[in-house]
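As written, the chain order gives the labels A, B, C and D, with residue 1 at the start of each chain.
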C-alpha cells in the first residue's frame, strides 16, 4: 500500500467557471479519481487554503509520495511548510511535480535553480516522446503520446542535469522541452512531469494518467529510507565521540561556549 | 584576469587568541595572501559583519569566482543575500565552498539537501586521494597529499551525486569522505573542498593552497555566461508571444487579471 | 521470481588447494548457497570452461540478473559472448560485477574505460562506509561494515562518474576506494561491488552477503524492459518510413545500393 | 595551439557525384577549410583508406582533439585502431563525433551502448534549441538555429545519460532528438553533435560551423592530462608494493606463476 497525498493550490477551479467545468472537484480531486482505481494506493488530498496548507507534520509523516500542483500563488506557500516538505523528501518521500509546479518553492528548493522556462498558451499540439522506453515510468506507453491542446513550455529549462531524461516534448509551434525528468535528493526520488494545465483538459488524457500512476510507483518511499531518517538528524549522532581506530587527540580546540 | 572575492564569516579569528595566531588577518586574509602570488587574480574580500555581508549587488556583479568560509554563524546570514548570491551563481559566477561551509545557507541552497556529515575534532591525519588525476583541479598534485592535523568529516555526506568526484579522504581514525566535488547549476560551477579548520593551520599546507588556486581557474565564469544572464530573467522574454511555426490558437485562456 | 545466473571463471578453485578449501564448490557455488535461502530467487550458474562459457542465447534470454566473477583469464572470454551479454544488459538484464571482475571484458565494455585501479594483497582490514544509507542496496546494514582480511583496491578507479555512489572503503594501509557504484546502460542496471577475493574468505562475511542479495533485487530486470527490447533492434523499425507530421520530401538521397 | 585531427570515412564524396559537388575535398576537407580561419588550430586530416586509417600511434600522440565522421563502413574500421583511439581519449584527447558517427565503433565503445536512433531522410527542417545558453559550446548562438534541409534522427537515442545536454532538436516531421551531448571518460571529453549529412550541405551552415569550432575548444586536452597518462598504464605502478600506513601482511596469496 502506497500512502499518496495529492496537493493542489486549488484557486483556478474555484474562481473560473470554465476551469470548474473541466475539474469540478479540483485538479487534485480529478487526479484522485483516476488514480484510485488502483487498489494499492491510499490517497489523501491537501490544498493551499487549509491550515498549514494541509501539510501537517503528521500528514507528511504518513505520506510516501506527494504530488504537487500549483500555479498562481507559489509565493504564498509558507517557507516553514516548504522546509518541512523538503525534510520529508530527504527522508525518503517521493515528490512528483506537475506542470506549472516547476516554479513552486519546493521544486526550486530541491533543484537549487530558478527552474525558468519559455511558454505560450495557444492550445497547440504536444507530442511527448519516450527517450527511455524500458523505464518504469514509461510502462504501457507506445513510442510517443499526444496531447491535443496544450500550453507550450520551451527550453532552456533551468534545472540541474537530471539523473534520467524520460520524456522530451515536440510542440506544433516549433519548441522542444524535457518533459519528464528524474532526480534523487537524500533518500527521496523526484519526478518532474510537464503536461497539465488549468484550462485545457490535459489530465483527462489516458496516457498522461498512466504516467502519473507509473511515477507514483517509481517514486515510492523505500522501506530502507528509515535508516537515513534515523541517522541524519540528531546532532549528537553526527559527532563521532569515540574514534573507530585508536588515535591520540592533537591540536587546539575552540571552546564553542565562549563564542555564544 | 579573474575577479575573485573571498568571503569569510571572520568570527573565530577575532575572538580566539589561538586562532588569531594562525590566521592574524583572518582566514580570508590568509587565503588572499597566498593566492595573490598569481598575477591573473584580482582579489577582494568580504566578511559577515560588513553591510550586506560585504556582498552588495555591485560587488557580486563584479565577481567571477566567490570563495566561501563560514562555521559558527551560518544562520545569521540574511536570506536576501543568499538569494542574491544564488542568482549570481546561476548567472555564471563560480562558487568554491570550503570545509564547514558545507552547512552554509548558500551551499544547502545550491544543493537542495541538508549537506549533513559526521565529524570529530581530534587533530588526526588526513590523506586526500586524487580520484581523477587529469582533472584541472588536481594540477600539480601527486597521487595524494596529506594534512597532518585535521578535523574529521565522515560519510554519509548528504549531497546530490556530484558531476565529478575529484578527491576522497582517508582519515587515521577510520573514516572516509568525498572531499572534492564538482557541480554545475545554471551557468555556474560549484566546487566543494573539505580541508580547512579554524584552529589547525590547514590553509598553510602547500597542496591545499594548490587546490584552491586550481579551483579558482576551474570555476571561473565563462564569457558566454552573459547569454543566459540576458535570457533567463526578464519575464516578458520568457513569454513567446509569436509562434515560430504557424499555428492557430485554440482553447480557453484564464484571465489572470480577475485572479488578483 | 528473479531468474539469477551466477557466472564464475572457476579456475583458482580447481587449481589451488587453499582456495578450494575456502570455496569447495567454487565461488559461484558458494554465492548460490547463501543466496538460495531467499525463496524468490531461481538461481543458475555458468562457468568459463563450459561451451559458450555457459552463456548461450537461451540462458541469457532467461536471465534477469547476472553476477560476474573473473580474475586470471579475462582475455580468454570470447568477444562474441561479451557482445551477447552486453546486448542482454541493454535489453534490461541486471549486471553485478564483483571484485576483480572490474577488469573483465564485459565491465570494461559497459564502462567505455579501462577500469584500472591500484592494488595490494596484504590481508589488511577494510571498512566499507555507506554513503547513501537509504539506498535499497544498503538495506539491513549499519553505518559501515568491516572485512577482516582483504585485498586492497585503491583510487583512482578509472570509471565514468557513477549514477550513485553507495559505498566507499577505508583500508588499513592508507587507501580509499569507491566500492559500490550504480550505473544504467540501455534498460539494464549495473552494480559494481568491490569486496571479494579468491584466497580470503570474503564471501563468508554476512554483510557482504546482504549487499549481494540486495543488489540482485535492485538490479532486477523491469517488466517494462520488453518495450525497448522490441523497439531497438530491428533495423526497419528504426527507419520512420512515413512522417508523423505532413511534410514534403526535399533534397538528394544517396543510393546506398551502388555503394556496396 | 590546439592540434586537431579531422577523420573522415571519405567514401560518399568519392563515389557519388552530387556529394562530391557539396564536398569537393571531402567532408574532412570542408571542415578543415572553415576551421582553419582560427589561428589557434593546427589541423591535420586522416581517412579510412589510409594505412592504419591514418591514425598511427604518432599521429594520435600528437592529437589534442579528434573529429570523427563515418557512415557506410563503420564495420571496416579495424578494432586495433579503435582500441588505440579509445586509449588516447582516456589519456585526455577530446573526441567530437558527428552525425552518423553515432554508429561508429569508437562512439559505441566509449558509450557502452548500441547508440541506436530512429531516422528518416526527407530533407526536412531542423530547429536546434540551446538548452544551456551559457555553455562554452553554445557561444555566439542565439536561442536556436535552423537547418533547412536535414536528415531526421529521432529519440530514443540509446546512450548513457549525458553529463550535460547542450542541444535538443525539433524536426518538422514531428520528432525530437538530443543533438548535443557532453561526456567525460578517463581524462577525455567527448561531444556528440547530430547535424551533418553527406547529401545535404549541412556543414555549410554558419551556426553548425560555430558549434564545431566551439566544441574543439571545449574538448581540448588539458595540460594536466599528462598525469593520469603517466599513472594509469604501467602495471607495476598499479601494484602498491609498500604500504603507506604500517601494516602486517596476513593471509594466503595465490601463486600466480603456477596458474600459467
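Rule of thumb we're sticking to: a residue touches a chain if its C-beta (ideal position, glycine included) is under 8 Å from a C-beta of that chain, and two chains touch if they have at least 3 such contacts.
Since the model is a prediction, treat every value here as computed from it, not as a measurement.
Visitor: Between chain B and chain A, is it the same set of residue numbers doing the touching on each side, over half shared, or a different set?
Guide: same
Visitor: By mean C-alpha coordinates, which chain is most distant from chain A?
Guide: Centre of mass proxy via C-alpha means gives D as farthest from chain A.
Visitor: I'd like to verify one number: the distance from the centre of chain B to the centre of chain C, where each centre is the average of its C-alpha atoms, in whole angstrom.
Guide: Taking the mean C-alpha position of each chain, the two centres sit 36 Å apart.
Visitor: Would you kindly tell me how far, in whole Å, the mean C-alpha position of chain D lies from that of chain C?
Guide: The separation of the two C-alpha centroids amounts to 27 Å.
Visitor: For chain B and chain D, what's the span in angstrom between their mean Cα positions?
Guide: 32
Visitor: Listing for chain D: what residues touch at least two other chains?
Guide: 127, 132-133, 154, 156, 161, 163-164, 174-175, 184, 186, 228, 231-232, 244
Visitor: Going by the contact rule set out above, which residues of chain C touch chain A in the complex?
Guide: My answer: residues 92, 127, 132-136, 138-140, 143, 163-164, 184, 186-187, 222-229, 231-232, 244.
Visitor: For chain C, which residues are in contact with chain D within the complex?
Guide: Listed in rising order, the residues of chain C that touch chain D are 11-12, 15-16, 18-19, 72, 86-87, 90, 109-114, 116-124, 149, 152, 154, 156, 158, 160-161, 163, 172-175, 183-186, 198-200, 228, 231-232, 238-241, 243-245, 247, 249-256, 258-259.
Visitor: Using the touch definition up top, name the residues of chain B that touch chain C in the complex.
Guide: Against chain C, chain B makes touches at 127, 129-133, 154-157, 161-165, 168-171, 174-176, 178.
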